[in-house]
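Shared between the two complexes below is chain A, which pairs with chain B and chain C, respectively.
Let's turn to the complex of A and B:
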């Protein structure tokens, strides 16, 4: 593919004999051979840049929060602590992730389908709305007019412009999602791919479908709340608000999961030439995500009044936890895609040679493997256990809850997004990665940092420490309370983990910014520092297990899950009786 | 081939043995989790209740206040202490920023607790036993608790409820026998609660007014923000407040007012009109009170001299 031509704005030298076969809106990637719509590429770039800016805002707030909750330092005053909790939540969970997802959706619907972008101008409208929303909401938070947390449970009230900012951002994102479907339609009509969508595009499509449901739910709750803050609506029922808000708040996490798992499959392909050992199974699992996202919103109301136990049990599980099942299917399908490819490359010795001989020097690969481990062992196990009706009693609103979603959203989604960026820099920004040495251990540092942070938060929560709480010594209250003395140790661990993760993100942002703005240009496959593997050769024979190593790993996961499961129910059984 | 269309025949490819095994294990586990939750309702002793009553903040505040007044046996740190009879209804009120009342419970006895909020959403978190429930305004959540271990417990708030969130801490005491009250300094509290007469038409003496005012202070939760010993928390201290020249902000302008009956009355009925300088970030909520309550409260504030 080295004889194809690159046509970029700054590089207008198509050789006359090849120029005719290439439409001027495209360049053909000299590394992957994909046709890249230059207008889509620009949109991918700006959305990715906005994502990195949001992440920077989020982590600066995060480190200040860590050192506030770490009592020996207790950095911020109360009002700034709560202000920055709101700020951190919005920037990390919404802006960083959704900007990145929009970039991912544009990438998945144009580049890998070899197709054009349906309406680039609208893409810019969406982007501008999102940036406007980001600026407006962040400004209202920082001037102290929206100290309501990300959840903004009514009757806590923020300034109308805060809600308007969130609404504008959501409308912008919705435009992006609609454009994604527009691109798919063009690709289908013009038959730019085979009979079926590639798995990555399919996974991203499920993410987009969930995004539509999620953003619609967001509109249902944010628009009346906005009117209420203007005084045009009298009353927003607090229980109704929380119920619908989580239709947005948690379903949006399912967008992350679907997008993240798609990227896992993508990296398996890029790094070792692997694919799901059974695409029908992987695709079915994605469909389960769409069908059973409601699981998500119900488990936020497990210890709430207003809804009955039957409602809670049914809606968290639909009798068999089908969204959990989907994640467990991917938990096998993703590692087994690596294993199967590696075995076909000849790393066939024993149970784990495929793993020990894996491309660990590829930061995208190590990011993804660490993300899979963290997401499963930390986020997944606790998510399922905390999301059961009764065990929720011992963790609801404790710091174990943010501890849990540090495991899912931070180790899972954020590390995955950070990892795939190492491929996006050369392929989309056409720059070499500056500081590959740093890039190699950045994912490990991040994993260790967030794992420490997350696990210590979970333990602290199990010891009763509340989340979103400025002073766990209750200064100024009528009484005081001392938590189990073990908390001191875990606060220190949390502070340590938070600091390591902060350093790691700083390194990552440093690498990304330096590479994108000052890195040497990529002029062809010889400049590609990360390997793009050819397809793994087909298997010789099909006897017995296809991925025995993965099966062993998933069984270990199962044992860890069961241990944590019984531990939590044992703790629950030791509490007072309640009915 | 995740970036390319799948290979031909992908849809009919047989599922490998190990993947089949794992999916079967996973599905079994997922069904077990559901069955487990249902069975815990039958055999387990910790299940969130399904009983909720719709109420209003005013109605629940009246119910809770009447209940506390009726059953109060004393005061601890400005918060009324109630010792409910086993198997009776108990009213627990969350408000910015206190839990009221303090409860003295008997071990292994059941209490039907009605829990609601006077203002925003709060989180009821009983420590160190670590049981957590959500508390809403306008919803009365009925949870029947049976403490299984004696000792001193705290109720902390674990849902963000404003700048004073971290000061919101209440108390539950679980006793085995009568002597245990000594451990908590409650041994001299009244055995049987006696209601204070408030319905007589006779003029009330100033001394009685002060006592009644103190009761209003305790019942309405003024002490969550206003201390009477000169320490300044979320709101100005009441010690030596009466008759003082106070700097306040009205429509953005700072003026000086004298703290007298009219000013106090206005501050209670329309707290955001004049805000004491230095407390702009913690505006006072409107707390419904009768004129009589206010009169008594003024008498009480008057009595708190320097």
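Let's turn to the complex of A and C:
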């Protein structure tokens, strides 16, 4: 810690009745110049560690699932398949992602805003509740008392402690979100930032607002279900359950999107000194998320008979497209901020020199670029198509659905979170990254693995293979179905992709754990392995458009999207042949 | 309130909205609660019950 300056500041709280004095210990980061509240730093660390543990649990289950669905191996017995589908979904989608997001919210509301943490003790209460919830739910799943899968659709019933675990976790997370807003208020009152929140913090604020919507909906559905499992409530209507549960299930994914996009902007800033070429539009896009993205929850009920077409179409088309528009704005704004900065650094030749001369040796940078590509081309295209009432019917309840969200929450959010961790290790854990050589190609391996996994799941689904199904050959069943012979090829591809992704996550966890616990300490800028770029210089001359390369890439994306869109309608037409 | 200098420098209207996270939170919750939750719940609760002659055989 030789170069770390420790500062003790005394804050006189403007509280009239008490006039308490709070001693806050900051360190001033010798690499970034940020003031870091040491109490926030500890909380960021423990939440990040819990996230990594959850991811490990999730992928161990995942690889067993892959080799169960891969029929030549067909590893697990039926009940363990469903148990681990539950376990995988919960640990990956809820525990890994939300622990990491809480770490991100604390980082964004203290370090980035140069401010102190409002109530660290409460932060610990939240953390302990979340850990307790994780242990409780996971234990109930593993002893076979909660084979209900992530969605726990009624009338499937789990042991009350399973629901209680989820509720405790959610309460802990809610405390984290409230503390985030508390930190924002302190920062605003103490004027630690300029006129408006920095864009990254603004995006995290968007995530936090959506988290409030999500957690409130979660309370509405999990508390009655918990009481029902205790026998205190007679009946939970399955249609009503599904409606409200997806208000939680879908909205929670939009926390991820907002957090992920914020990190994209942050890495552009850290790696090449890039800023959004139009901040106001980027902010507007975040506001569109807040206003409209949660309505799209309705795409999970597109085949449900109880709700009307008017409700479905309003919520999944008109309203959702405003949120899709927001994603397209970000998907343009992030690469163009890289491009614009790179051009200003002098990589100005042709359409793509900015890309070929990009800092590819920086694993955070490559993670983010790959995440943008994967999220757009795989998750984004299929999201819009599967979220439309007509074309949804082709893939409903098939393995194409998990294929789609492997393209959003895994190749997008998870890869982004893994990428930013390469910055957190030196800046927050103050350790050098051990195994930089491995770190450089880990994101690529993950990208290739998940892309293969995701695309083959999507194709399998289009060919009619169901999701959450232990034995899609229906052997011994009262009926059989002859799949298109192409499925064998895609099953193999899926198994390969899943294995590559598993290996990549193992490498990442290996790097993170060795660095954080055994890595050499970072004593100053000289130990920083990843570049922190100064702000890109202003443009020398203004001629033409700032980011032509990004524009070309966007056009390619739109063409791919149109082709897929057309194909799906074609398939739909072929499904019901009208003569 | 004491620290504000009223009307000294006009903050543009869009910035006022965009920087007010309580307002955004309120709008986000309201739009979603009305269009997704309330509308959906109303539709589901207005469904006619299953006629008994269909329901009985289904429940064994």
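Please note the rule applied: the second predicted complex is superposed on the first by the 549 of 579 C-alpha atoms of A that agree within 3 Å, B and C clash if a C-alpha of one lies under 4 Å from a C-alpha of the other, contacts with A are read in each partner's own complex, and residues count from 1 in each chain.
By definition in this document, a contact is a pair of C-beta atoms (placed from the backbone, for glycine too) under 8 Å apart; a residue touches a chain by one contact, two chains touch by 3 or more.
Please read all numbers here as calculations on a predicted model, not as lab measurements.
Upon superposition of the two complexes on chain A, a steric clash is found between chain B and chain C. When the shared chain is aligned, chain C comes close enough to touch A:181, but chain B does not.
In the superposition on chain A, contact of A:210 is made with chain C only, not with chain B. Of the two partner chains placed by superposition, A:143 touches none, neither chain B nor chain C. Comparing chain B with chain C, more residues of chain A are touched by B. Shared-chain residue A:287: touches chain C; no touch with chain B.
By the touch criterion stated above, A:308 is placed in contact with chain B and with chain C alike.
Legend: residue contacts after superposition of the two complexes on their common chain; A:547 is shown touching chain B, with no touch to chain C. In the superposed model, A:396 lies in contact with chain B only, and not with chain C. By the touch criterion stated above, A:298 is placed in contact with chain C alone, chain B being left untouched. In the superposed model, A:239 makes contact with both chain B and chain C.
Only one of the stretches 1-9, 37-45, 55-63 or 73-81 in chain B has C-alpha atoms clashing with chain C after the fit on chain A, and that stretch is 55-63. Residue overlap on chain A between its contacts with chain B in one complex and with chain C in the other: 195-197, 237, 239, 280, 301, 306, 308, 319.
Every residue of chain A that touches chain C in the complex is listed here, in rising order: 181, 184, 195-197, 205, 209-210, 212-213, 216-217, 237, 239-240, 243-244, 247, 251, 280, 283-284, 287, 290-292, 294-295, 297-298, 301, 306-308, 311, 314-315, 319. Against chain B, in their complex, chain A makes its touches with residues 78-79, 82, 85, 112, 147, 149, 153-156, 193-200, 237-239, 242, 262, 265-266, 268-270, 275-281, 301-306, 308-310, 312-313, 316-317, 319-322, 324-325, 328-329, 332-333, 336-337, 384, 388-390, 392-398, 462-464, 466-472, 474-481, 483-484, 535, 542, 544-548, 550-551, 554-555, 558, 561, 571-573, 575-579. Per the touch definition, chain B reaches chain A in the complex via residues 1-6, 10-11, 13, 15-19, 21-23, 25-27, 29-31, 33-34, 36-38, 40-41, 44-50, 52, 76-79, 97-98, 110, 115, 119-121, 123, 125-134, 136-141, 143-149, 154, 156-171, 223-224, 233-234, 281.
Residues 11, 14-15, 18-19, 21, 24-25, 27-29, 31-32, 35-37, 39-41, 43-45, 47 of chain C are the ones that touch chain A when the two sit in their complex.
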